[in-house]
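The following blocks contain the structures, represented as structure tokens.
Both complexes shown next keep chain A, but they swap its partner, so chain B is in the first and chain C is in the second.
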Partner chain A sequence: MNLIPALDLFPLLASVLVLVGCTMLGNFLVLRRQSLMGDALSHTVLPGVVGAYLVFGSRDPFGLFIGALVAGLLTVTSIEALRRYGRIESNAAMGVVFSIAFAVGVVLIRVGHTDHVDLDPNCVLYGQLELLVWFDAPSSFRDVGFTDVYHAMPSSIWSLLIMVLLSALFVLFCFKELRLASFDPGLSRTLGFSSRAINMVLMLLVSVATVASFEAVGSVLVIAALLVPSSTARLFTDRLKSQILVSILVAFFCAVSGYLMSTWIPLLWQGESLKASGTITVVSGIVFGCSLLFSPRYGYWMQRSRTRQLADQVAIEDVVVLLHKSHRTAVNFPWSTIDPRILALATKRGFLQSPIAGQYFLTNAGQNLALEVQGRRSRWLNYLVTEVGLAPDHAPGTAEHLEHLGDDLLQKSVDTMDDPSHPSGECP
Partner chain B sequence: MSPIHRPEHSTNSPLSIHAMTVAYDRKPVLWDVDYDAPEEPRLIAIVGPNGAGKSTLIKACLGLVPRASGLVAFRGKPLDDVRSTIGYVPQRESVDWEFPVTALDVVCMGRYRKIGWFRPVRQKDRNAALVCLDRVGLADLADRQIRQLSGGQQQRVFLARALAQEADLYFMDEPFAGVDAATEQAILGVLREMKNEGRTIIVVHHDLQTVPSSFDEVIFLNMRVVDSGPVAEVFHEDNLRKTYGGRLTMLAEAAEAVARSERR
Partner chain C sequence: MDGPVTFWLDFWNILTLRSGYNATLVILGTSSLGMASGVVGTFAVLRRRALMADALGHATLPGVVGGFLLSLIFGATGPEILPLLIGGACSGLLGIWLVQFLVRHPRIREDAAIGLVLSTFFGLGIVLLSVVQTTVSTQTAGLDSYIYGQASTMTKLDVLTLASLSLLVVLTSILLRNPFGQVCFDADFAATTGWPVDRIDLLMMGLVAGVCVIGIPAVGLMLVVALLIVPCAAARLWSTRLIDVLMISGLFGGISGWFGAALSSSLPNLPTGPIIVLVAGFIFGFSLIFAPRRGILSSQWDSYCRNQRIAEDHALEHFIDHDDSVANDGLSALFSVRGWSVRKINRLMRRLRAKDFVQCSSSVWSLTPSGRSRGLTIQRNHRLWTQYLTSHADIAANHVDWSVDQVEHVLSDDLVAQLEDQLRLGSEP
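Right, the complex of A and B next:
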């Protein structure tokens, strides 16, 4: 069983090009909070293609490409005009323009319908990545409007290659201009870097990217390709350069693994063939979901475990201090009131030992920790009363909260003062 | 381009505004503004009530909002001839502080015009930016993502970026907004240094109390220039009333009208 048939090379290459090319530009859409623009442009491809067919009267791929591009540019300019002169918020402007444009496309299909035109709405949604290799089956290539697979296949690979090259050049050479215009358009303009011009070029390239990709993968994956890998990368880094690099890696991984899934799954289950655009989008979604949970920087899991670690540390310090005091005053220690997990954790970290089950004693390390925490507490107490001006009877409660803070700055201000022998240094 | 010829305005003034009117949606925000900044370096405050058009004045000078009429000249030249000598510090809220850049990246932006189109930021530029960050006391935080900075620190990053522009004339939109007294003094110290280096700095300012101690000149603005000049000469009760009073009286009348209608 050959898992990567040679015939898959072109569609696989096409998926990689779509994902990588769109992602590079998508980073800036996400950062500029113009994510909906990808949505808008992928929808206006339809009226563009239909319009071009009606104008040129042929299904020549180049003509359709131009039609879709013109539609994309009209979309961008009319959204900008609506936003500026129609005084409509930009998301609303995008929604208004692309939904109407899409509807115009749907109507045009009907109006211009003749026997030899067959535009299938399914293809608008899913594209036809798989058909890139069906040299022998031109009869099944009725959907998006190209007469001849043999001609269409190379042309879409070529247009994708050009799209990726243009996007890469733009991001590479205008990196600093894009960063400035996206972060601070006002300063960008006063420095003479017209943020409008940069924005227009970006939108032009997003148009090219959606049109070139659309043919192969359909409107759903175009939106995903623009937005999902770049949003994923956002979870991993705080630097623009590394964000773009991470997003490209994510895009590459999603394209390859998603495409392979679409060929493997039917082999494994003897099922019908899967749409690669669908599996790639699903894989992107899974990668995004996992990153959201497990990213070392902004993942939910790490943030939670960081909070948890801090909470554990605080709980351990409290137990140790409590135990330290109870030794002095010889009170029967209320073990049942303390979370057994914290006791186990403190034992594991060497602050407690438990020679008899259910009975704990402070180790030397535990003694030291207790003294350290109490020292910190009394220094805070002194600081709060003398420097902050808290009432002495209010200060202990606040100090108990603050004693766990290892905050360097505050610690510095506290430690610079003489160690106090404050009368109320010992907490109740 | 030849210098703008306007006999009534000095071609040596770092900023001269002639008969400038700005309108949003046909409703004028600034009426017929005429102003000449002194030739010598000065710290100039623009004061006025909310909605007086303070930010708009700055933005119109910089070509960020269209002018309905009037002329703006910088030492007798139009903006496009002198862009590299004009610095701008926008309001802090005008940018997205979640943006994935470091403090140093932001300061480097001040040098983009010197670097020029399509060229990358080089180590030399980063070093220069670091010097500017150091001047505002933030060299330690150069590699911080900007979200991790406090409001006052963000404001100082903007100031460092302005320093990196090495301009002759600066427009600053509320550089003291939301900073504590210590930071305000630190920023003011840097502004004074900049002035002593021969730069003119025009600041949109909100705190009337600090105007006499902090600034050399003041522009009273309320949709028109009420008065302008050295603080010692023009910062007095009369101008304050003219600038702020109109609205206060109107508001007071409105409040009275509401009170009357409720009594019935």
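Right, the complex of A and C next:
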């Protein structure tokens, strides 16, 4: 099915803006273990919007925006106050505040008879991406450049643009302060940046982002946009700058592909299009799941294969040492107790040779390896008894584990012990 | 004129279960649910899993909708309770398991894991919901009540199920409060003393999940977390003993269910679930302000009294330093270090005189014998602590004074005796 500019251009644009804008802020939420603040804020948008509608008596977007923003700030401050004055643990404080606020919102809707306005909780939860219709649009995407795009643009696109701009400016210009306050609030206070002020600004911007986004995409997608791309990026890199860049790319990808899915998947059973906010969330969940499995840095796949390699290495070293201890004769060696895969691997790596099937001998390389491992073991043993202070009869067990580690660790600590500039007893 | 009176009469009748079969059923159902969730929620909050319950609630949506779709395939004509509940329970438990699984990864913290699972599952639920709404023409309005709750349609069977399940949950929690409490407060210690921590944890989460799932038709999946958390948060303000907190929390939950259901059926057009949550919220707010010891009023009063006592101590100390007496116009000079206002000094002196620590004769203030002995005690504490900090805690002598000034008022008699012993021992060799 082809996309139609009138129906699809602005929803697509809106979802990209929401995901990219929220992701920039979300990186810091995830880093500061405040991810659930996004959850709390997205729930409290409802009472804010309904309250503003009841106060101003109209669906003026600016009024609703103000109402939701006030509700967001009230949430943040009351969670903080509950933690400080009520001595309530932060998770519980968050849960108490946002669930009560959501209940207030639902009740206000019923009491204020706002059912007839399109202000029902459903549209706050799921959003109405599909309603961002572009009237008098050209009939094909090729003509988009030739018409006046700014004419009759849906108003929420403007608020989204402003939101993205604000977040980008904040992250760009306060990057240093944000990084410092996120990683080491104590140091940032000592250096004279108030980490609480930065936290407050961050929370303010998260509320702005939530409020600007909920009308287009609903509060669920806001939570996903804040958390999923940035958590995905954390699986690929350790550096904050590259994490932010990766997360923006992921967000862009999720927004576009999720939106396309919402129109393409129903073609399977000739149905109507799905809720785009839902499909974008699901697609970002899938992207996260795939990264969790296959990321080259922290993926389960890589970690398992790395563990496997290490296990093989350890097993080979054990076999070689065992053989070396039995005087390189293989006559009475209990070959059947050893995993044949390890033996084959050791032969392939040149540590063993097998002139007769079922009989193995050490090669020169294998002999060297065995000597090296035994040397490492005795050095560790010595170190554990003399420096760490383990009892001599407890040390061999530990040394047996440590012998497989390269003893550069040991070497380093021995070096620092000899170095008079380091006081002994301190960890190197 | 007539409105409020009939409303209150109505409310009273419903509250005392004298207004019809339906209202009574709903009240009994919601209050037993509230009691069970209050008790079970205590363990969730103490285990610091308050928001896990939120993730659980949101994660039931795809299961509920999926169960509905499946039941349609097998020939149902509208939403039926059993397939929806089973589906919800399955996807909720899957969500909880995913959170536990994700937390073990070195780069994913608990908050992010909860948020990830919550949003992705809910998104999936929305997608399924839009599939249902666009493809199936049968009545789907009942599905909405799972999101926002619809207690007013409870049948006798529902209430009996709710009541018996609640009884089971409450009994289990009270009987097993010992192992549950141990795991909540210190899981490592519980493991060392031989409790099967994993199984206890599983049972605890299972109870939470069970209450969550049976509570969803009544209060909705967005608000079931409130029923679990809010009563316990309120109860913890009243007591610090586990058994008391369990009882109070169950009581608060039951009261919120009872009053909430009664309120919502005596006022037209009010949804039951949110009203129950609001009643619970009201109880929480009341406890936060008025609870003894931990409430805001009482803790502010405590710190006010403490500050006053400290100011009195300081004043007595200054008197001792100034040879026990000072002229009336010399008072502000005496306390100039403290930066107190004249009004504060006047009030302070009045209080000290009322306590018989100072006396005033011919515009000269002087210490009474009891004031003098109190002042000497404080001065002695001050010197002991100074001595301790400089000789044993390696703090430079010119840094000591400020921290001593804060600590001297709270030294207990035991501590003073201990300090004297230590200092004597330290000075001998």
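In this section, the second predicted complex is superposed on the first by the 279 of 428 C-alpha atoms of A that agree within 3 Å, B and C clash if a C-alpha of one lies under 4 Å from a C-alpha of the other, contacts with A are read in each partner's own complex, and residues count from 1 in each chain.
By our rule, contacts are C-beta pairs under 8 Å (C-beta built on N, C-alpha and C of every residue); 3 or more make two chains touch, one makes a residue touch a chain.
Given the structure is predicted, the values throughout are model-derived calculations rather than measurements.
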| item | value |
| --- | --- |
| Combined model on chain A where chain B meets chain C, clash or fit | clash |
| Chain B versus chain C as contact partner of A:96, first or second or both or neither | second |
| First, second, both or neither for A:54, with chain B first and chain C second | neither |
| Touching partner for A:192 - first (chain B), second (chain C), both, neither | first |
| Touching partner for A:39 - first (chain B), second (chain C), both, neither | second |
| First, second, both or neither for A:182, with chain B first and chain C second | first |
| Touching partner for A:174 - first (chain B), second (chain C), both, neither | first |
| If touched residues of chain A are counted for chain B and for chain C, the larger one | C |
| Partner chain in contact with A:162 - chain B first, chain C second, else both or neither | neither |
| First (chain B), second (chain C), both or neither touched by A:272 | second |
| Touched partner set for A:234, first chain B, second chain C, both or neither | both |
| Doubly contacted chain A residues - partners chain C and chain B | 33, 87, 234 |
| Residue ranges of chain C in contact with chain A within the complex | 45, 48-51, 53-54, 102, 105-109, 111-112, 114-116, 118-120, 122-127, 129-131, 134-135, 144, 147-148, 222-223, 225-226, 229-230, 232-233, 236-237, 269-271, 273-275, 277-278, 280-281, 284, 288, 294, 296, 299 |
| Parts of chain A lying in touch with chain B, wherever the complex brings them together | 31, 33, 87, 173-177, 179-180, 182-184, 186-187, 189-193, 234, 237-240, 243 |
| Residue numbers on chain B that touch chain A, as the complex places them | 25, 59, 62-64, 80, 83, 86, 88, 90, 94-96, 99-102, 105-106, 109, 112-113, 115, 117-121, 145, 161, 165 |
| Of chain A, residues touching chain C in the complex | 30, 33-36, 38-39, 43, 82, 85-89, 91-96, 99-100, 102-104, 106-107, 110-111, 121-122, 125-126, 218, 220-221, 223-224, 226-228, 231, 234-235, 266, 269, 271-272, 274-275, 277-282, 284-285, 288, 292, 298 |
